[in-house]
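Both of the next two complexes hold subunit A, though its partner changes from subunit B to subunit C.
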Partner chain A sequence: MRLGVTLASLFAVSVAGAATAQTELSLWYHGAGSANAEEALVNQLVEEFNASQSDWKVLIETFPQLAYNDAVGAAALAGELPDILDVDGPVMPNWAWANYMQPLGIDEAKLEGYLPGPIGRWNGEVYSVGLWDAAVALTTRRSTLEKYDIRVPTLDAPWSLEEFNSALETISASGDFEYPLDLGMAWKGEWYPYAFSPLLQSFGGDIVDRTTYQTAEGVLNGDAALAFGEWWQGLFANNYVPGTSQDAADRETGLLEGQYAMSWNGNWAALPVVEAFGDDALFLPAPDFGNGSTIGAASWQFGVSATSEHPEGARAFIEFALQDKWFTAFSDGTGLIPVTATAAADTANYAPGGPLEVFYDLSEAQALVRPVTPGYIVQAKVFEKALSDIANGADVADTLDAAVDEINEDIESNSGYGH
Partner chain B sequence: MASKLTRSDRAGWLMALPGAGLIATFIILPFFLAFAFSLTNQRLASPNPTEYVGFENYRDLLGLSIFTLEPERNEAGDVLVDDDGQIEYPRLRKFTRNNPDYPKLQGKREWFSWQSGENRTVVLASDVVFMKALVNTITFVLVVAPVQAGLALVLALLINQKLRGISLFRAVYFMPVVVSIVVVSILWQFIYSPGDGLLNNVLSGLTFGAFQPRDWLGETSTALGAIIAMSVWQGVGFHMVIWLSGLQTISPTLYEAAEIEGSSKWQVFRYVTWPGLRNTAILILIVITMQAFALFAQIDVMTQGGPLDSTQVLVFQAVERGYGKQDISGGSTISVILFVIVLCISLLQRWLTRERN
Partner chain C sequence: MALVSPDNRGLRLVTRYAVLILVAVIFVFPLLFMGVSSLKPDQQLLSDTNSLRAFLPVGDISFDNYSDAFQRAPIGVFVLNSVLVTGVTVLLTLFVCSLAAFSFVFLDWKGRDVIFTILLATLIIPYETIFIPLLLMASQLPWIGGGGIEFGWLNTYRVQIIPFIADGLSIFLFVQYFKDLPRELIEASRVEGASWWMIYRKVVLPLSGPVIATAAILKFLFMYNQYLWPLMVVQAEEIRPVMVGLGYFTDQLNVPWGEVMAYLTIITVPVLAFYLSLQRVFIASVASTGVKG
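So, the complex of A and B:
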């Protein structure tokens, strides 16, 4: 009896407490235990937002990245999604289509001057916005290129296919390096479509036909894709790059230790290179294989869940986050690319003359988001397997045909994914 | 006359309820759900309604065709031969892709083929990856079950002696079992690392540099073998303990009697130890078979089914499709097929090892 009274009074206190205080909003974040300052900055962002106004109180819950997407899927099935979701750019269309998310509903004028990657659009509406973007570059040393008399490419004049091939051949023939190029084959999963599908696009192919998103026929197994596949297989057959069984530790340190002459790597790995090589470090644009040079875009972004009871609160939080000072803070803390030029000017690395400035230009000039379709999740897996198999010597045409069939069957069994 | 305990049914059921309830909720119900899902197009996340599709998922996995390729001929009807002297054939994709004359081959891929005279006979499968996974899984079981059971028995016989410090050996052999399989897999990845990995180093040291380093997990010829070796190493301690418990139930008087009769060591093993281990052997064989069919973590960590599907296995494919590709129905179908296979094999093992009167 006494226990009941105590519980009741406790309950009354907590209800009364909630009535006068801010309304609670839940936020799920994917970066638990992240190595850099990202997690701390997200926490700081939440704290400052909670202190800045009296209507809303964001409660953050963090997940390890590997379990995050599964947790969101499970929560959606159970109807327990948080108000604010953290979502990886290419996955967003799937979540929007599956009714995990609702349109953000913020004024698009506020997104003026943003890099294209951090804005997540699906069916003509903005669903998510990121506070940073990432870019990939051919990382190498000026002295290496000079030693072999290789032209240093620029954003306006990247290497052509022939130049790139002959550079690989020259460096390989010198025998000075274990491999002339490191593609990061040790990083399974999303790295493959993120880092390598732009190379396919530069050849003139793609993962899926972006005009309709209903088929991959002729795009992933057309002439351009076959040319890409043969070239890709050649990289491994000629021992220009380490294969799919590359040691993850070699991926991290191979360039720094002189095992590899060049490395196809992201801006998040650029600071150690600058520290090691100083002015000698070079971040080069992707070669132009005939159809322009492209790199991937879009990183993690924030959006509002479909079941949120307070979308206006969630929106207020995201709008609060979309300030140059946060872009600057995240960039300084994590080495990622700030999403506006004004924010970039204030950062340590992306300011004019900063060591990573080139990545902002790369992102601005060449970024192409991965296929914007709910089927991307499956297509990414199929693409990854096709590239691994071709690297390991599978027949190019048959492998790409099989990939096309699998993608098309998946699109069909999902009734076209709502395009 | 029945005692009060055996008559009070209600109390008995009540006591069984927690266990039975848990088993029903987490083992029996999911199994029936998997069977139901395998007859639909259920997705992990989709706004589209689930539809009943009959046995289409099974057809998509198990479909097979045999097709005979005739060689390319020139206008005179002679067989064309390429520079290496190999007979040239038309590409299969001419027949399997959008060819209205061969509707049965649509979307199928070559699984394997053989030469018969001038023609090449090709076996095509609707789902080559699944077929390879099936073959790899069965290979894995066929190798692991006898090797792991045999090795465990040898270890058990070795440590079933009264020697100083024998418990140290028991602990050492048992150690891999208590380490998480994920950790073991990552460690073995270092061991198998190409170039200057531990295994390559040891082998080239033992052969005074004659051994050429191999990419153990990166070559189709060695990847499955490498997985088998580490799996046996990891699991052998557990079955050693079961053998050991079996060995210790054999009465010492039997050994004493054998000694008095003057039997050799082999005779003791053959006529005393082995018959005494009969039930243990049945248990171990069934347990290893089931565990081997469930192979997943090593593949997931070490190879992801590669290179070229040489380490694809059924459970990895079920998870990859169900969660990775959000195709719950496809994953469920593989699970049901796996269940039927394991059930058949267990029944067969029970029948083969039955008590004969």
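So, the complex of A and C:
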């Protein structure tokens, strides 16, 4: 009898255990060592998801950003991808094309009202979604513009090319600043296509022809691109901006310490400006160089790996993350832009009247994602090198022609990247 | 025959010391820069690079970068992992490669020269070129663990160690050194009835201090500086080595240079300690074999 009771108890315990066992899902996150609150918030998100239901348990593995993309590539080769990946927005098409990722498969109605940048689409399907976005603006002081009698531009009436050049010339001639504008040349890598390709697009050019994604001919070396290149080189030749050897510390503090009159910088660097200048701080829209005003968009996003055995679990996690409360938490913790207006209204910085509200408006009105093509990861590096060379005095037409050749050869050698 | 006057001797001595000091400065200043910079805030660190202040512990000096670095990354775990992986690999390399070299030099077996030639040919193949096939193999290899036979070595210590135990360079070093050992000693031992194992252990190894030190240092540096391989095969933070850990100190746009210097200073300590402990035998080996470290 006693034996029977014991066996029955053991059976009951094992059945109960099986009933409550959660299936493990792996999640790879790129932000190990990040000094801000993002990593802690991702951990909190995982913990709350695990506690919110009994089917899935997400286990997070963090990587340093420097090594993350290479680690994902190696894991894909070895067939060891996790269930859930985080992916930088412009890189996503490459991973989808290379079969690292599968379509997210979530109801797109849930993404209504989102900013355009955080939704990662490839070949007509959503592969990834972000919980935040970032935006850049011309950061300056109202008193600086008033001192030199320069009009304060607005989203509806941004500076024209002539106005922008005139402002640089006026401020430069005053001799009050080391440089009238800081473009952030101390930053390398993705900063170039993210921050500077919108300027090229505003001239009417682009990194690659977005109608076909099969060539850069005519867009990166056409008349508009040549005009952009000449203008770009002139910024450095006229000492309007620091060159490629800019000190990283100057990039950090140059505007605050009065070295620069204006700075082309992101919302992540805006709070110190507000603290330093208060109501005098201005975050201005990108100038319109003739083809509209645009700024970059898309930051890190979550997606499901192609080899996940539990895509429904991965999807459940991502859908859990797509709540205003998380958008608000990440925004308050990291200073990044929440992806919905309703979440923005609850944040400390982006609520109506908040110090960074303008960035949400900029993101909503001007954001243009970088070229949505698997070849972007190569094109971004080619673009970076070309702009750096032109800044350092290389012939504009030759440099852009060489960049076009390199991009086209890469597209050809990858059979058009599946477009 | 030219006479060397006392004045000439003095001049030569001064010249010699001047050259030696210059060479020492070239080698020591980067370390000095690293150590000193680790004590400075970023802005001062970068502005000091324009002058000799970069090598002096002046200005706003503190250990803040060290405490910040420890908060940013599990440095102790990374250092322990690297020391463990490197230490085990070095020991196994010394054992396996010296045994292989012993076989090449002292044993007479069919195909020995061909195999040795093939082994030497592997020296010209860069490791990076075989990483992808090695990765694919490592992801499928079997292993007997607690739960029986399992497949896949990724995310383990063994995948960081085993592929690097045997290498052509270490075997080559041992072979060259063993060839110079007096054959009479080996022959006398054989006549006395010693087994090959006993000759290896009691005769050859005790005479091989310099080459053991050389092979150990070269392997130590190679393993401790590994970046690409562990990056590809290790996903878990708890078994990550120091060089991959360096990535914790850069993000998309900013590099906290002071923390980077603090991290580099910390992870350089085991290398310096290991080198200094073997320095005397290493130099003896360089002098006797002409091997450069």
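By our rule, the second predicted complex is superposed on the first by the 399 of 419 C-alpha atoms of A that agree within 3 Å, B and C clash if a C-alpha of one lies under 4 Å from a C-alpha of the other, contacts with A are read in each partner's own complex, and residues count from 1 in each chain.
Definition applied: a contact is a pair of C-beta atoms (placed from the backbone, for glycine too) under 8 Å apart; a residue touches a chain by one contact, two chains touch by 3 or more.
Note that the structure is predicted; figures quoted are calculated from it, not measured.
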item	value
Clash-or-fit label for the pair subunit B, subunit C on subunit A	clash
First (subunit B), second (subunit C), both or neither touched by A:Asp247	both
First (subunit B), second (subunit C), both or neither touched by A:Tyr148	neither
Touching partner for A:Ala71 - first (subunit B), second (subunit C), both, neither	second
Touching partner for A:Ile377 - first (subunit B), second (subunit C), both, neither	first
First, second, both or neither for A:Trp231, with subunit B first and subunit C second	neither
Clash with subunit B (superposed arrangement) - responsible stretch of subunit C out of 20-28, 56-64 or 110-118	20-28
Common interface positions of subunit A, toward subunit B and toward subunit C	70, 77, 247
Contacting residues of subunit C [partner subunit A, same complex]	42-43, 46-47, 72-73, 132, 135-136, 138-139, 152, 154-155, 228, 231-233, 235-237, 244-257
Residue ranges of subunit B touching subunit A (in the complex, touch as defined)	41, 43-48, 91-93, 96-97, 107, 109-110, 128, 193-195, 215, 217-218, 220, 304-309, 320, 323-327
List of subunit A residues in touch with subunit B within their complex	70, 73, 76-77, 94-95, 97-100, 188, 243-247, 377-378, 381, 385, 388-389, 392-394, 397-398, 401-402, 405, 409-410, 413-415, 418
Of subunit A, residues touching subunit C in the complex	28, 31-35, 61-67, 70-71, 74-75, 77-80, 187, 189-191, 247-249, 252-253
